[in-house]
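Both of the next two complexes hold chain A, though its partner changes from chain B to chain C.
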Partner chain A sequence: MMADRRRINGPAGTAPPSYAINTSDLEKLRPSRNRRPEELRKIFLKTGVTPPASGSAYLELQSPTYDLPVKSVLPPASALKISCAVHGPKPLPRSAPYNPQLVLSTHVKFAPFATRHRRGYIRDSTERDLGAHLENALRGIVIGKRWPKSGVDVIITILEGEEDRWWGDEVSGGTTGLGVVGGWGMMNVLAGCITVASAALVDAGIDCVDLVCGGVAAILPSPDSKDNQTQQSITVLDPSPPEHPEIQAACVVGYSASRDEITELWLKGDSGAATEQLIDSAVAAAVATRAVMVEAMSETALSKFPEADIKSAFPSADAVMSG
Partner chain B sequence: MAPSATQTLLSPAELSYIHHSLSLSPPIRPDGRSPTEFRPLFAETDILPNTNGSARVCFADGSEAIAGVKAEVERSIARPGLDISADDDGEEERHGENAWVEMSIEIPGHRDDDALPVFLAAMLTEALLADSELKDRLWINRRFHWKLYIDILLLSPPSSYPLPLLSLTTHLSLLSTHLPALISDPADDPLFNDDWHSATPLYPPSSSTPPVTLLVTTIGETILLDPTPEELAVADAVLALSVAAPLPSKAKKGKGNPQARLLAIRTLDPPSRLTPLGTTAGPTEGAPPRTGMAWAPPQGGLKRELLSRVIKAVVAPGGGAEEVLAGLAGVVA
Partner chain C sequence: MASAPSFALPGQPLGPSARHAAGPGTHIYNDRLVASLLGPVSNLTPIRGSSGNSNKASLQSTLAITRPSNAPAPLPSINATVYARVTRLARLQAQCEILVTDDKVNTPVRAVLRAQDVRATEKDKVKITECFRVGDIVRATVVGLGDNTGGYFLSTAGNEFGVVMAWSEEGNVCVPVSWCEVRDRETGKKEPRKVAKPF
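Entry: the complex of A and B
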């Protein structure tokens, strides 16, 4: 991987400090899921937050509160915070070859402070990988032929990432993410990126065939049986990895609800015979996210065009507000 | 940024023709294969004496790759304070870390931080680590572990999407990998037996096999395994599925053939999205024109019914995965 030559970097090989915690108390600090299996964390989504960009959006997941018997200075689990800016469509540079379609480029970057273990400024392999996934999800819905010879940049900054596992299980106080394939937390991050990028594309006024929203589901091995009995495992929507000591398989989809199509699918782990059920659960999570997206967008649209008949343009928004 | 395959130069008329013949039932592939047939390949293992395991695979189209697996001993990171001291009953939990497996791919004409090698390495590593079996086997004792370096060289220019080639090469090199036997006391600094015959295979027969990643493409209602560059250029959707052989314990229990273990799925960006439109005006809205009309790049994603059919076509007993894994098992045996 490339070294960062533009900045004066701190000493290499540092780790977050370890705190003196009784080993007997350590397990008491472990957070556990207090939502129902099919319940998502609350989502905050707002579009049009960055005025200089042609479109922007901000997404935040509710920080969960746990009733832990022991208090610690370390937060038990992180909550996702993503900001997205869309620049364009703008003409491609003269040197670029002719392209009859819109050139979509996606940049996903964790802020250096987004994780427990500090990240560098150069994009590492997991961030590049997330960018490729996101591009794949958005390509399917953008109507590219309406902007020949132009490009659009989707730039995502992750202000607070999702962790791959609970900090007490980490060997070095946080996944370094360097040269390592991302763990389970990356899947939640990708789902958030898809949702926020799609909202920002709409805010930028780029024609899309539909909204695409991200959803995550995971299969957890049943706490009673140690062996992988898929019949007894539980499927949860929107898993927060620190809450689960073990995850058997997880799946992210980028789902376009009005077309009933999956533009992006990323599944990891041994899901056995429950693969299709897992994908369907992830789609259910995406559909739930869509309700938030539609409402956030109709809110922005109402503030931009107060006279417009938003209710008839977003028929599902009404259902969300009443239900 | 797009880790797409090299662009095939086909005119809209050619694309339309290939798309039409592939969406027929049964489809007519440009090279006359059946939809689930794989291209022939040549493979050999244990070719490099300096490695713990190695393999070479050549496809019929001239693409060729070599993989070498090297295992080195690394000191594990210990956490002061939080470290739970070793249990006295001797049963320590052998938990591996994802960072213990490192893969690098070299593709001629690409820098090592280009999108394509990064994306391919991420996809192959993810499949390897999907079940914790491999990384747990790299555990030596509380203070030391094996670090596995998998280095893949693509020798030919990447004419078609190199993922299946690289994946098959990795699979064969891991199947032939042996780790030296430990002769020191388990708690001591590790010392190994120099007799290669007593080395233990990284994937013992009692475990599952390393995964292989297969490309599957859908065109209309057709599902094609092992697509060529021409077929990818008209694909509606491309999926990479990582599969491993069923666990031997399950194979004995079940009556017929059990289905292969699906470890990872990823959608890939089909190169067809970058192809030029067949008309200047273009259809006004929505669904792209299909058979009998001018070519238009596909829009949208994959239907769920089609997705489950794709999974079945690969994983089901007698499906694509079984054929490939059986063929590769014959190389090592």
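Entry: the complex of A and C
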């Protein structure tokens, strides 16, 4: 790999600290899902976190607490943390061709420290891929005609990414049934990106036909199907890959609830005949995320319009203000 | 009749499009007026020109979503009054950058003031160098969104449009003495300009 010549590199020949792990204890550190199949991790969403940007938002998934028999300094699973800044609408650069619509450009970048394996400073192919998926999801809701000859940049920084599998499986050399399909963590990252970018667009005051929320669902082989060799499987919402040694298929949607439209669909793995049900589950996850988003919007509304009566848009606002 | 909500978030229906016309921050979807911004709903009544228009007579109001007061300045729209700085003079046009739109400062936007748009009369006798100088601040209207190359098209046709702040060749502040002349406050030398009528 070519050395980064634009930044100060660390001394050559360094290695991250390695922890002495008793491999017999390793399996005891494996986190397992203690939520119900249809239950999402708790979501924190807030807009207006980056003052210089015209709109911004921050999303964080609460990392679940696991009751593990062995304590370790390493966290059992990572929690998603995404920051999004929207710059614009601003005039297009001189070199850009005439465009009667808003030119949407999305940049998704993992912070170097976002994953257990350190990331580079230059966007790699998975980050560009995420950016293309996100652009698809947002293009469906932005009303581009309102902003001719202008562009808007959606910049996403992932401060902590979702893992593709449990770290212990990587240490022990892969005992999982993941097979050739990997990268499950990207699905959750994309869903988070869609949600946080939509909130930031609203914060920036860019015309949108609706809010769009990301949702993920996955098909897992049922825990008891191993014994009797049947093809039983269960569908879970918001799967955290470290919690599941095996994932058959996963689906992420960008869903606009008030229009009942899917703006982005990404399906991975072998879902077989259950594809439609898997997509429906992902939509259900997106609908659940929307509740959090509307709540975050009510806080945005209160900070932007302190005098306004926001009850008609947020029926639950009374409870928020009094509680 | 159910009244429109007082506050809306994107995607929230505001009422049937047969009753309400779409103002800024709203759009029409499936015969319904839907909000496309987060903000309070304001009622812009009466609708301009609706009295003579029979098929719009059933419209009761135009609904719009108000942007927050600290929102960034919007991009220049057609017929908007803007303030621009002259950056370059050519034989047939003056390059400008729009600094202020709707009384809000925004990031400079490129614009072109063509010779035929400088004044409303005797358009073919306009000489750009006798109307502007690089650095002048001009009050103008936007007449076009422009093409690939230049930028927004501006016009100073009209008494209230033209140079509002000028500096002489020596760099001193000038004051207007007529619609086509300014005078250096230090040296008293006169220079030609297309001057805006002071308020």
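Going forward, the second predicted complex is superposed on the first by the 280 of 323 C-alpha atoms of A that agree within 3 Å, B and C clash if a C-alpha of one lies under 4 Å from a C-alpha of the other, contacts with A are read in each partner's own complex, and residues count from 1 in each chain.
Quick note on the criterion: contacts are C-beta pairs under 8 Å (C-beta built on N, C-alpha and C of every residue); 3 or more make two chains touch, one makes a residue touch a chain.
Source: prediction; values computed, not measured.
*Asks:* Where does A:Leu26 make contact in the superposed view: on chain B (first), on chain C (second), on both, or on neither?
*Replies:* Only chain B; A:Leu26 stays clear of chain C.
*Asks:* Which touches a greater number of chain A residues, chain B or chain C?
*Replies:* Of chain B and chain C, B contacts more residues of chain A.
*Asks:* Between chain B (first) and chain C (second), which does A:Thr300 come into contact with in this model arrangement: first, second, both, or neither?
*Replies:* A:Thr300 sits against chain C, while chain B stays out of touch.
*Asks:* Using the superposition on chain A described above, determine whether A:Pro112 touches chain B (first), chain C (second), both, or neither.
*Replies:* The answer is neither, since A:Pro112 touches no partner chain.
*Asks:* If we overlay the two complexes on their shared chain A, which of chain B and chain C does A:Val209 touch? Say first, second, both or neither.
*Replies:* both
*Asks:* Considering only the touch criterion stated at the top, classify A:Lys90 as touching first (chain B), second (chain C), both, or neither.
*Replies:* second
*Asks:* Between chain B (first) and chain C (second), which, if any, makes contact with A:Ser150: first, second, both or neither?
*Replies:* second
*Asks:* Could you tell me if A:Arg259 is touching chain B, chain C, both of them or neither one (first, second, both, neither)?
*Replies:* both
*Asks:* Both chain B and chain C contact which residues of chain A?
*Replies:* 141, 143, 209-210, 256, 259
*Asks:* Within the complex, which stretch of chain A touches chain B?
*Replies:* Against chain B, the touching part of chain A is residues 1-2, 18-21, 23, 26, 99-101, 105-107, 125-126, 128-129, 131-133, 135-136, 139-141, 143-145, 168, 171-173, 176, 179-181, 183, 209-210, 254, 256, 259-273, 275-276, 279-280, 283.
*Asks:* Residues of chain B touching chain A in their complex?
*Replies:* So the residues of chain B in touch with chain A come to 1-3, 76-82, 84, 97-99, 102, 113, 115, 118-119, 121-122, 125-126, 129-131, 239, 259, 261-269, 273-274, 276-277, 282, 286, 296-297, 299-304, 307-308, 311, 315.
*Asks:* Please give the residue numbers of chain C that touch chain A in the complex, ascending.
*Replies:* Answer in residue numbers: 5-13, 25, 27, 29, 34, 36-40, 67-68, 70-72, 75, 107, 109-110, 145-148, 151.
*Asks:* Enumerate the contact residues on chain A facing chain C in the complex.
*Replies:* Touching chain C from chain A are residues 54, 89-91, 94, 97-98, 141, 143, 147-150, 202-203, 205, 207-211, 256-259, 294, 297, 300-301, 304-305, 308-314.
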